[in-house]
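What follows is a single structure, written as structure tokens, with notes after it.
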């Protein structure tokens, strides 16, 4: 019956592990069979603060990767930055805590049917869903290069195992504390040219997604980006998370990034209008 | 400088033990030197729900007893009934948690300078402060009898050690599941007569305190009772916790049960006007 | 515990509903999004997002800010326009056998009448909710619901355009000096029921940018924070107009909360913001409410409506 | 972090205060109770509980209900009456070297004038706050602050009785359709500053007794729940009357919250309900505020007042 949110469920998931990794926390949730419906790009909406919390809205986190073979059964991994009170609460939960989640939500990265050359670009914790994506692309015979950037080294998330599924990994930090000094957008066009990139997959701050879109605008490269807008509900009922997106007829619609995203075609997003309103329809 | 709340302090106290005892939880808080200023009858105001709680007011609990010689240093014991969300939160805290408290607050039971015959009457968790009181009275050479009542046996709080400091202990439950069947007020006048009681000390539901006051009204027996009114602040600044109390000149004042109480002279309280307002002044 | 079954049905004007819990306008989109979490026909009705005559982009982002036990929103009535809405969303809901209350909003009195005329010919709708908490472009943007005269004229226009059949629920704003006065005005003008309350006007300033946080500067406060305001509003209006059914809303997040609004005088209860934290909140709340009514010995929900107004027996 | 010292002083009318955080009327009694927790002279001023001409018992208990991130109170202005208050409470506060703002309340326009006359001769007081959120017994109990004309007449009476020296701070209720209108009226009538906001009218129904929980039925909602309403009110009034200083209040529980009200337009901030949860809240909030201002590069608090109204630079 349902056409929207159709594989998502609300459940209590046990937190089976909570480890600090640089500036982030790596959380592992036991979600059982739910892993079967999670695809790279999907996100999870989590209730924070406990029963008597003044925080009434869920927090959204990209599903970093799922595993069906771990010792705990089906697990979902999240990479969480302790930002405000909700994410800090989540990062402070101890193993064994039951966490109220709704997942999987939103669109997933499009997986090509042909073996293509893919470039995955992550900013900060935006790298989280890219490793799961890399696995899938690899299994389809794609060539997968990865570029990660952050302001400082501790905000680069690049787990050992993850590195195995990519052909190359290049890291940029603004302060030079890890990898090259600079931003991921600097070497972008060179890499695309050198490696014959067909598709760029990106996840990170909106400014980075916009810059990538502009850089590849005049090429044939497809750009799939996972956007991040403040969300009140995560399931499509509140209309707070909208982005201006071009329609085929040239008009612009305010689309919900929770159900028409987070993965969107970068060239469709009217980055110039984010935070503004299109002319009256 | 301060004349009100003058020995009270706000501090973080470590919860060193949390045990279920019947329908209640016995909590032990490490409060250090603060124990020195706590007297039987005083209460503590506790912040509940953690940092992101929607509960903004403290909860009041009688200080059941303090000890300076425990393995943890100065400790304060509370007997807490899991009633609504705040007290349930408190009862669910694990050992080691830091609890934000303000103590000691309010008036204390008056301690006679002469060795008198005292009857201590507790209803439900109202027995909590009476054991500490019994110790003090005993050390002053008083004879101490005790009467405890509750609806059911699990709501009788009467610890082993506590029983040692009283000359006699009689228990009444309404369903007869422990001790005699009935209410503490039934044998009251007989006991007063038989044992030559000089002072009744009571703590429990307001209905019980009122009934005791009425029973001893025509005698010379002094009745010190610890009242319980809903409190928003516990320190005298909000005026929510008031009770109608007779003045010497026969007029009635609405006194704050947090600073002019909780221990009050039962014969002064205008029980008939509780929940009403006296005629205009 | 053994409890008697409770007749949970309710009425708003001449519309009958088998269940007393509704979605709140703007908090369920047009229903499709929630169908994954519960069966839409199991609640009283889906109240759809207020729709205007033409399609509309709404306000710029950020459109929301979480506040203590509440949130601000400034959506600005983004929507597809009444024609697209009637062509796609309503038929889908009716296909699911859900009951539908259509919420309409306008910028002029004429726009409300136009919307009502378009609704008149649609079959299967249970009622129309008239959201008059919209800025009146013909009167310096003053919100209709804050102006007794404008409120009355909107409802009068809708009543005339829609004919005598479809119940009209006028949705009022709490941001007024004298709510019973506004309520009386719209009832005189033909409203069959009242929806109380819309959001409370609020603002958040972002202490990093040091500017208003929301794209639209001000926003509507909703969620548990405003529940005491909703209870007061419902109680006041029920006292003034005991015959007029009220669809209550404002911060309801549990069966306990729904019961509170019903005791104050609501005949039905809409669940808004709570659905954002828990998309199956409407059905969960309805089940909790049934249990609470049964525990208190009620055999029908109707007996509990406005119970807090009765003199306490001694 | 190395930060510059911040000049935290502020003014309300011709009254100067070395610090910008105040207690809120009715949330600090007459000051004595808080002196154990911080030194009263270290904050801007103690705003005392609204005092009436005669002693008064107030409303029956229960007088409070906790609500999500807030509380309702219905104290009903219990107090000793102005004569006893001036004889004992004010001298004590002045002895502590605390600055004092006396809050007055009346049931008639004449009562306010009488109170003002009694205050005129008292030396050492910094300002008078006129709490006009009281029922007007001469007009069907309608709250003065909800009636533009009655509000104006109260302030006019106080101005005439008190003479030209003592600054008058008119304290307004948010429960009105048009707050800037009421604000303009009282300023025209002689108010030097405005206090925003008093509590929001609310109600809780006890689902066990199934009756209103408070002895006084309705109560005033305060605490973090109402902060977005306070910010909006302050922003609106500062936009309409940028020259008039505002003493802001409503749900302030941290330095961050105080800064939010200041950016919206408050020259000083009162801390009310937060003191119930934490009796040293006023001083803690003041210290946090100083750090936040310093981190943002402000060297004086005054530069931050109303900052959110400036056009964002591009």
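The chains carry the letters A, B, C and D, assigned in the order they are written, with residues numbered from 1 in each.
Throughout what follows, a residue touches a chain if its C-beta (ideal position, glycine included) is under 8 Å from a C-beta of that chain, and two chains touch if they have at least 3 such contacts.
None of the values given here were measured: they were computed from a predicted structure.
Asker: Where centres are the averaged C-alpha coordinates, which chain has the largest centre distance to chain D?
Answerer: If we average the C-alpha coordinates per chain, A ends up farthest from chain D.
Asker: For the pairs B-D and A-D, output the one whose chains share more C-beta pairs in contact.
Answerer: B-D
Asker: Taking each chain's centre as its mean C-alpha position, how far apart are chain A and chain C in Å?
Answerer: Taking the average C-alpha coordinate of chain A and of chain C, the gap between them is 35 Å.
Asker: Measuring centre to centre with CA averages, how many angstrom lie between chain A and chain D?
Answerer: Here chain A and chain D have centroids separated by 47 Å.
Asker: Just the number, please: Cα centre separation of chain C and chain D in whole Å.
Answerer: A distance of 34 Å separates the two centres.
Asker: Considering chain B alone, which of its residues make contact with at least two other chains?
Answerer: 54-55
Asker: Counting only residues that touch at least 2 other chains, which ones in chain C make the list?
Answerer: 68-70, 223-224, in rising order.
Asker: Is the chain-to-chain touch network here best called a line, a ring, a star, complete, or other?
Answerer: Basically all the chains touch each other, so complete.
Asker: Considering only the defined contacts, which chain D positions touch chain B in the complex?
Answerer: Answer in residue numbers: 26-29, 32-37, 49, 54-64, 66, 68-71, 73, 75, 78, 96, 215, 223-224, 253, 273-280.
Asker: Could you please specify the touching residues of chain C with respect to chain D in the complex?
Answerer: 65, 67-70, 72, 146, 175-178, 200-205, 207, 209-212, 218-219, 221, 223-229, 231-232, 235, 251, 256, 259-260, 263-264, 292, 296, 307-308, 312
Asker: Taking the complex as given, what residues does chain B use to touch chain D?
Answerer: So the residues of chain B in touch with chain D come to 1-6, 8, 10, 47, 54-58, 102, 229-230, 232-243, 252, 254, 259, 274-278, 280-281.
Asker: Within the complex, which stretch of chain C touches chain B?
Answerer: Chain C residues touching chain B: 68-69, 224.
Asker: Within their complex, state which residues of chain A touch chain B.
Answerer: Touching chain B: residues 48-55, 85-86, 89 of chain A.
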